[in-house]
Amino acid sequence: MQSQQKASPISNIRKNRIRATIRKIIFDADTPAGKAFDIGLFIAIVLSIVGMMLESVKEIDDAWGFQLMALDWVLTVLFTLEYGLRIWTTGKPFKYIFSFYGIVDLLAILPTYFTIFYAGANALSIIRSVRLLRVFRVLKLVQFVGEASNMAKAVKASANKIIVFIAFILIVSTIIGTMMYMIEGRGHGFTSIPRSIYWAVVTLTTVGYGDISPATEVGQFLAMCLMIMGYGVIAVPTGLVTAEMIKSSSAIGENKTAIEKEFSNITCPNCSSEGHKSNAKFCSDCGQSF
Amino acid sequence: MQSQQKASPISNIRKNRIRATIRKIIFDADTPAGKAFDIGLFIAIVLSIVGMMLESVKEIDDAWGFQLMALDWVLTVLFTLEYGLRIWTTGKPFKYIFSFYGIVDLLAILPTYFTIFYAGANALSIIRSVRLLRVFRVLKLVQFVGEASNMAKAVKASANKIIVFIAFILIVSTIIGTMMYMIEGRGHGFTSIPRSIYWAVVTLTTVGYGDISPATEVGQFLAMCLMIMGYGVIAVPTGLVTAEMIKSSSAIGENKTAIEKEFSNITCPNCSSEGHKSNAKFCSDCGQSF
Amino acid sequence: MQSQQKASPISNIRKNRIRATIRKIIFDADTPAGKAFDIGLFIAIVLSIVGMMLESVKEIDDAWGFQLMALDWVLTVLFTLEYGLRIWTTGKPFKYIFSFYGIVDLLAILPTYFTIFYAGANALSIIRSVRLLRVFRVLKLVQFVGEASNMAKAVKASANKIIVFIAFILIVSTIIGTMMYMIEGRGHGFTSIPRSIYWAVVTLTTVGYGDISPATEVGQFLAMCLMIMGYGVIAVPTGLVTAEMIKSSSAIGENKTAIEKEFSNITCPNCSSEGHKSNAKFCSDCGQSF
Amino acid sequence: MQSQQKASPISNIRKNRIRATIRKIIFDADTPAGKAFDIGLFIAIVLSIVGMMLESVKEIDDAWGFQLMALDWVLTVLFTLEYGLRIWTTGKPFKYIFSFYGIVDLLAILPTYFTIFYAGANALSIIRSVRLLRVFRVLKLVQFVGEASNMAKAVKASANKIIVFIAFILIVSTIIGTMMYMIEGRGHGFTSIPRSIYWAVVTLTTVGYGDISPATEVGQFLAMCLMIMGYGVIAVPTGLVTAEMIKSSSAIGENKTAIEKEFSNITCPNCSSEGHKSNAKFCSDCGQSF
């Protein structure tokens, strides 16, 4: 940003002014124009995802295939334009390009271009659904981000316990899966050990598809043990998360208003970082003034 | 009410007295007559719902179709009468008509009349099951209402977290559903992306019908990841609600007797509002005296 | 008891002494003989249940049917003898006959006698499995009874909330079940409203058999909503019970040793009541001395 | 150990030195060589398990059967070598042989040798997956062991309650299973009482395969009751574990650093016991100096 401001003839000043305006619209959700842009973008994202889903339904694709393809191309061109503007207006393009949102934005437009060479590539554009996370910006629901980060914290705090828990599930599933492979045999759907382990996980997590199910008495008895175990084991993650939440819930209650006050919707136009205080005058990551 | 009291010849006084008596019976659950009315109404509602259910069973409909239809018409006429009396006796008919119970009461009788023109309309009368909520009035179980409102409060307090949680489930289901659509293909039941997302929700919530289930190794592996995730994610709503309940449980304990004392079964005959204190002399919403 | 002690010639004294000895063996689990009797009784109960289960397996019944029937008759005669002795030795026979255990003991022997007239009656003897509750007496595990009663208390304390919760599940299932009946129609297994409600409960509780599952897009969407709701609603009973348990857990910790000390395995020979203090000299219910 | 040190000519001193070095590598995870050995061992264990799983997939076994068998034999010989070295270098061989890890290590190599006589024996080598528990040693994740032992403690503290809970599930399943056997009969998959009990457990734990499902109205009604019960009963283990975890969570927070400091990766070379303090100079079980 600094380097560009040094070399500034009159034509460049104008160009910079346009750039700054676009930047404000694209990156800042607090102005009316910025909010309108975010809502429009969100609608476009939802439209493109719904279009892609409908395209996968054979009957709809047969009847409306051309229109859906046209919609997809129009939206892709708009997303490409938006991506270009973001790179152009941001101060540090590389920081944006390699940021989480930068990569997602790029991955969201590439699949459509790939369909020129390979028709099936279109399905890859499901990556666009990750862009739905922008909804929280659109709705100016800072407290949602606060809730999400609180929940993420609770999960993080129990990370060690969760790893032990998943390791336990996998070892139990491996042992019981192999036992079932030996007991039931290939005739009852337990055609290999990996498939038997798949069955054990399906049972232990109480999903229970029924695509594979024990048919011998011994197998059914073992399955019963596994089910009761799974029924009890589900208490462990619940207990962990609940204990964490109770610990942090009083803290949340006290800090919520503070969090809401503190954080704004400002995205740094220079380095694309988010989560700045609403009364911030400079970017806390790169020093860019707002 | 006021306007009607102004114009009152002797015949009108009598009429008003009858109206007041009926009003007391219909709207007030504390008098013996009112209680008998509420119990009778509740039995009629249950009868009409059971009748409608039985009508949908082909064997029963073939044998008892006429009797069930007759029962439905008798009950509908009674409900219409009750609806008319409520409008006539209440002070502010429009307030009752557009209140929650007023709309439900109307919707409960309309479907039967529609069957004159279109036979299938009968099924719409399931809306009557909402009227079952009157059971709490009948049983004079004010504490149930207190419990329900406490539970609703706990849910409301976690509303933001629940929205983040549902958004998380939907985004995960969309991404994994699309991946499964690409991995498994149309041959194994994953015929479209919406259907694959349906499968992902069935799996993540540990319902697991088995109408669609992965058959390839990669698909089964991805399904296992989704199941273990779903098994752990169930901890989040549980943790939320539990934390809320523990927070409020001491408060509930202290306030329960107070709540029971405070609230009565009185419904304002003027504006149909409920939840008045048992020692209330005037409606807290419209000033009508009891 | 008193009336019998008045009329006592020498032969009667002897008879009374035998009766008192048998009474001690049958009703009291603290003496070695009483303990041996209880263990033997427990083994006999387990044997009779296992025998009945095996009889229901066609292959086993074909090969060992006669032996199993013989075993059943021998055990039934023994149980009848035990039942007779209990009536004879207890002071107040009618109190025993109409007590919980008295009724269960009678129901446990009747089905076998019924098989003389009707072969299928045998299956009714599953009521014997209720007698397995005696295991807690046998193992002298008074603390288990303490735990069970604590858990029962926690459930009782949340009884109101649980009723509201079950009412909520039933009303939601009724409404969504009827909607599915209208949407999916008879072609996809939703052949009647009761069956559709059954499907709704199967889905809401995350059991998910898959014997009935939605096949239309609208039905699958509605099912997804129901599943996510069910996934969240499971948090409610968990939250309730957890909150109760946390409240009572400190109290349990302090009182456990006290409970263990206080209660014994003594059953009053006069009135068959249980749960007397181990240092009790008289029955707290009828004043009978031990 | 003492007896061997008494009789020590010069050649024996050398032998002892080699033995001590190997012992340090095998039993101690704190030196670089020991860590490298543990990582290599862990990779070998994973390799052998993956190999065994792949062997069970028919297509892979047809194409790569020989290579997989060769890999299995190479790994088995290496494991045998390791087992021999452990016996040779440890001071008290019998203590190691009959320790938990000693038995698992032996069971892990035996199945492959059995395949010389009986081909199917190979599947028994799944016992190797128990050896995966060594992963916690490899990753030097002492805190994981701490977490696991804390969770085990929470489970142990609720042991009595869990037994009551499982007894409750089994008795309910037995009674309802038998009732369903009588209601549904052999035509609908409820071919015997044990199979009906299996169905009841599948339903109560909300697994719901759908391999057996009720088809009559009465059966479906009973199934609905069982499901709602199961949906509520799941709250009990969750409540138990959560209450325990909340009780212990503050204690965990305070003691974690202490635990990490206290325990080391040292395995006693004399008696194979683990869990010694990191500043321990002597084995706390046998007095062997480190």
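As written, the chain order gives the labels A, B, C and D, with residue 1 at the start of each chain.
By definition in this document, a residue touches a chain if its C-beta (ideal position, glycine included) is under 8 Å from a C-beta of that chain, and two chains touch if they have at least 3 such contacts.
Because the structure is predicted, anything quoted here is derived from the model rather than measured.
Residue numbering shows that chain C and chain D use the same positions for less than half of their mutual interface. One inter-chain figure worth recording: chain A and chain C are separated by 49 Å, centre to centre, where each centre is the mean of the chain's CA atoms. Annotation: 35 Å between the Cα-based centres of chain A and chain B. Each of the following residues of chain A touches two or more other chains: 165, 194, 197, 206-210, 234, 238, 240, 242, 246. If you sketch which chains touch which, every chain touches every other chain without exception.
Looking at the complex, you find that chain B touches chain C at residues 49, 52-53, 56-58, 120, 123, 126, 129-130, 132-133, 135, 143-144, 147-148, 151, 154, 162, 165-166, 169, 194-195, 197-198, 201-202, 204-211, 234, 237-238, 240-242, 244-246, 249. The residues of chain B lying in touch with chain D in their complex are 206-210, 238, 242. Chain D makes touch with chain C in their complex at residues 160-161, 163-165, 167, 171, 174-175, 178-179, 181-182, 186, 191-194, 197, 203, 206-210, 213, 215, 217, 220-221, 223-224, 227-228, 230-232, 234-236, 238-240, 242-243, 246-247.
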